[in-house]
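See the structures that follow.
Each of the next two complexes has chain A plus one other chain: chain B in the first, chain C in the second.
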Partner chain A sequence: MKGSSKNGVLLLLIPAVVFIFLLFVYPFCYGLYTSLTKADGTFTFANYIRFFTTPREIRTIWVTLGIAVPVTLLAVGLAVPLSYYMRRGIKGEKIISFFLIVPVTLGTVLVSEGMLTFMGPNGWLNQLLMALHLVQKPVQFTHNYAGVAISVGLQGFPYAFLMLLGYVSGINPDLEKASQMLGANKWQTFWKILFPLMVPGIAISFCLNFVMAFSVYPSAVLLGQPSGPQRVIALAAYQMAFEKFNFNAASAISMIMAAIELVVIAVVLAWRNKMYKGASIVGKG
Partner chain B sequence: MKDFKRISVRRMSKRFGEKTAVDDFSIEFGKEEFVTFLGPSGCGKSTALNCITGLIPITSGEIFIDDECIDDSKTSVPPEKREFGMVFQNYALFPHLTVKENIAFGLKLRKLPRSEVDKRVGDALKMVHLEGYASKFPSQMSGGEQQRVAIARCIVLEPRLLLLDEPLSNLDAKLRVELRYELKALHERLKVTTIYVTHDQTEALALSDRIVVLKLGKIQQIGSPQVIFSDPANPFVADFVGYKNAWKGKIESLKEEGSSLSVKVRTAGILIESRVSYSEGDPRRKDLVEAFKTGKSVTTAIRPEDIVSGSQPGCNVFRCVADLVEYQGHANQISACIQGCEDERVDLRSVSQVGFGQFFEASVDPSKVLLFALPQTAQANSKGKAT
Partner chain C sequence: MEKKKLKMSSVLFAIVIAVYVAIVLGIILTVVLNSLSKGWYSGVLPKTITTEWYKYAASDHVIPQLIWVTFLVAIADVLVGLLIAFPAAYALARTDFKGKAILLSLFLLPMIVPPMAYGIPLAMLCYKFHLAGQIIGTIVVNLVPIVPFMILVLMPFIEQVGTNLESAAKMLGAKRMTIFRKVLIPLTTPGILTAGILSLVKSISLFDLTYLIAGGKNQTIVVALFSDAYAAGARPPQAVDALAVIYFLIAMTSLLISLRFVSPTQMVFKLK
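Let's turn to the complex of A and B:
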């Protein structure tokens, strides 16, 4: 009786397992296989060798990291103090959350298109800056690094913020009181108690944000110079697949992308384990 | 630790919008005293405690340590500078720090040399019987052990005032008693001035030098455990410390005999005799005389333990029918209906067996029947005191 009910529960896992297998395990293995073969199906490392011997391709890694790392750091860096400030709820919290979630729900393309006109040379932003005499002539916000970075940041920040807000507001408020009663001021309480307890949340939101930013594509095409300085790695893979019709080489590029992401995630999780060696609970007492 | 003689709280109030959580709260704590704030949930006892720590800013009033004003509702010394220690109901240990790091937290903030920190942490661990636990994390310990760490974390700093906010409420019954003994022993040994918040009268009676009974943010009575237990100031305190039998009635006759009053009350369908020793000048006596003259309602307060089954000479005797009998080991807890008055219930203890639905006689000595004049309404009562 007990055994059969246990088996029954395990059966509930089947849809999830099938789903993961069809949508992740199989495509991943197929991609790995494709990247290690020629078009005729013979084994080769040539796809990888070609990528790492072509300066124009290698450069895409640094271009993409150059966008993803600073933008993610900035997004998470801003989300930490803001979520700390809003941890007990503030007036207008719903409105703030609403405006943060809107860019996520509208999708990258629409937001990027909007930014193209809003931040363009004759857009409202430049008109405002000139009207306030902050600048003499229009500032270039589009078709360059700034445009891509702003767009990627705008997409990533809400995720980081909402995730961290959940983390901070889940920390037992008595821990702050206890720290204060033991003689710590607000600043010491933040650095010695709240921040270490936020580390797992910071690590996870950094990882998710980084992965999203590293696979940047629409923002780079619409708001950057996709043929030059903002030729990101996702674009390189796309061009390989659909302009040169070399799916094997394109697979190799996406495998390299995945590898870089995994390396960064491994570094972040190592940092987390170093910072947060303690309990697995978040201060619920 | 900076030495001091007394901590005085003067007319402290805390309002949250329209709601008054702590109302005109005044008390003095002598050094080394153990004072308990006792009351039901929502009576403002925890808020009062948090106001004294400075964690909740007060709306009006003053707090002094000897002549040093630490809070006058406008300027206040922040909690971290008051040198108070606080223990929380949910322990509030830092989950990412080991036991040793938790206890050393306050010492490190004070920039003490490492050898001194290690020594004092070791001493504190010994004091709460947790040697060998130094490198454990809070999540690896039981609730009782965690609360001991929390206590050690406070006393290691030798606070001027130790505040405990329902520290035993999250523990199971057996541990609660164990840790209560330890708290008592610790206080005997360290003599640290302590404020203890609880809703449990047993804890309050067992631990305190003085008890403060609170209701809706107002102090109802301050007194030693003996006074609170045997001489409650009003029906609320009486009910809270276990005088379960509160029957409303009217006074039929009242005789003043020196320091005591002899009263006959028509209540619960019967005539009950009461002999209360309220000395002259006692407001309770004045109110009863007043209630007799104006014909206002009064209420009895009788402990279940003071009512015995069977008829005793010279006692109030009433017939009742048992409708709830609970066996509690040393006695039976009986809830019964008084015959001739179905509305009023009597709670009593009986060592003899009484069956469900059985008629029996119960009696109570007149000197065990406390009487209080009832306030017109609870509201009129609180208004009268505030002005």
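Let's turn to the complex of A and C:
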């Protein structure tokens, strides 16, 4: 297509461009502006300085990273071998995928709410563990770090798994055959051939998983101790905005959240570029 | 040697999946049983079965209103989302222009910035323009995660449809609107259906943004559930579970219907 016809097609982008600027770019810039001003509209860095000099606030960064990083690593770490294993399809694949997609569909709120009963002191899980004599008294799975981590992981794992499954099954099986014909064993084939080709998929699923884990809010509130050890950054922002009604300070926390997120993504993409040099390799079947 | 290793990996796979499925089933079953039970403090199964918590939940919330708002928001988001995303996906799939990569990453940005981060300024604007607490406000904010997702789902479907048929229609004198209506839309129906269904399932469970701006009569069921669970102690946990079961039934029905049309791998972000 060329000339006026192409310009005509580009007009179709207008609704989406208006949408993204009005509902995403503008609010984001508005947030940035608000975070750099006082309530009366004068310029200040005070909102950021306040965050970074208040131990209770700055702790939220480490608390959130302390949940998001290990859980995301574990979810993606489990998803890589499992999706590799299932890449050619296995028996019962449909039913397995179904169970994986259920928590994603239900969302954090229901999963967290259900965990309160299921993993509570008298819940089935503790009854089972005690019946098997694995533990003497009920293990505390709720209202602590474990509860939040399990809830985030239950959401994150299927997400990472299904994402990687779609990716790994798109890798040309001939590459594996070729590697085996050349005498490589399964490990070598995985590490030298498939893993490098999976790197872009791993990077993206890590990033998206991390985003979900990092903005963890319902799980931390319902399953953690939101006033103390599991006071995550999203909660700090929420409280500032809707409990203290300090929108300037709340915007600053939002901007800090977004900035940390983007830094992590930049690190992951740098790792990806270091690992994945084979953009020219025809890896797709 | 080779055989043994293969077996070990399959055992490992089975264990991980079994643990996972057991936890998911356990969570769902306890929620359902608890909502139907009375005085279930110990033991494997509740001793008395009752439906009183559903009556309690129904007196606590206007449940038809919650369901109505949930579906209204989800359906409106799908329809408006398609109207915005389809033309954009078409333009992005069919043309190459300067800055296309930048525009595409701009469209994807809402997916990599946490909703809580852009949600708070967005909520502030909604309060400023009196959209907060209104159904229309909830519909508008939830478009932010839905539209980028739709564009991503739709693009490959449009790319698959060759340009030949469009050119032929054009040569035969069809106007652009006619080509859209008579050629493109019928050919991309599977894509539209996929994007629509996936977004519908997604938007029923969208929480963060709705939570930030919805209030009173105009909240969705998932937000009402969170508020109930958060204010634990204000009502019996079984009543919270009763609301959870109602939400669960809605989400599961939409999931089961959608799985007739799409595969589970499409439910998540599609990697190219």
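Throughout what follows, the second predicted complex is superposed on the first by the 279 of 285 C-alpha atoms of A that agree within 3 Å, B and C clash if a C-alpha of one lies under 4 Å from a C-alpha of the other, contacts with A are read in each partner's own complex, and residues count from 1 in each chain.
FYI, a contact is a pair of C-beta atoms (placed from the backbone, for glycine too) under 8 Å apart; a residue touches a chain by one contact, two chains touch by 3 or more.
Computed from a prediction, not measured in an experiment: that's the story for all the values here.
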Fit or clash between chain C and chain B when superposed on chain A: fit
First (chain B), second (chain C), both or neither touched by A:Leu197: first
First (chain B), second (chain C), both or neither touched by A:Leu175: first
First, second, both or neither for A:Asn209, with chain B first and chain C second: neither
In the superposition, chain B vs chain C on chain A residues touched: C
C-alpha centroid angle, chain C to chain B via chain A, nearest 10°: 80
Per-pair minimum CA distance [chain C against chain B, superposed on A] in Å: 9
Chain A residues contacted in one complex by chain B, in the other by chain C: 185
Chain A - residues contacting chain C, complex: 1, 6, 8-10, 12-13, 15-17, 19-20, 23-28, 30-31, 34, 78, 81-82, 85-86, 96-118, 122-125, 127, 154, 157-159, 162-167, 185-186, 200-201, 204-205, 207-208, 211-212, 214-215, 217-218, 221-222, 234, 237-238, 241-242, 247, 250-251, 253-255, 257-258, 261-262, 265
Chain A-touching residues of chain C, taken from the complex the two chains share: 2, 5-6, 9-10, 12-13, 16-17, 20-21, 23-31, 34, 41-42, 44, 83-85, 87-88, 90-92, 94-95, 97, 103, 106-107, 109-125, 140-141, 143-144, 147, 151, 163, 176, 201, 205-208, 211-212, 222, 225-226, 229-230, 237, 240-241, 244, 247-248, 251-252, 254-255, 259, 263-271
For the chain B and chain A complex, residues of the former touching the latter: 53, 55, 78-81, 83-86, 88, 90-98, 105-106, 109-110, 137-140, 146, 150, 153-154, 157
Partner chain B, residues of chain A touching it in the complex: 172, 174-175, 177-185, 188, 192-193, 196-197, 276-283, 285
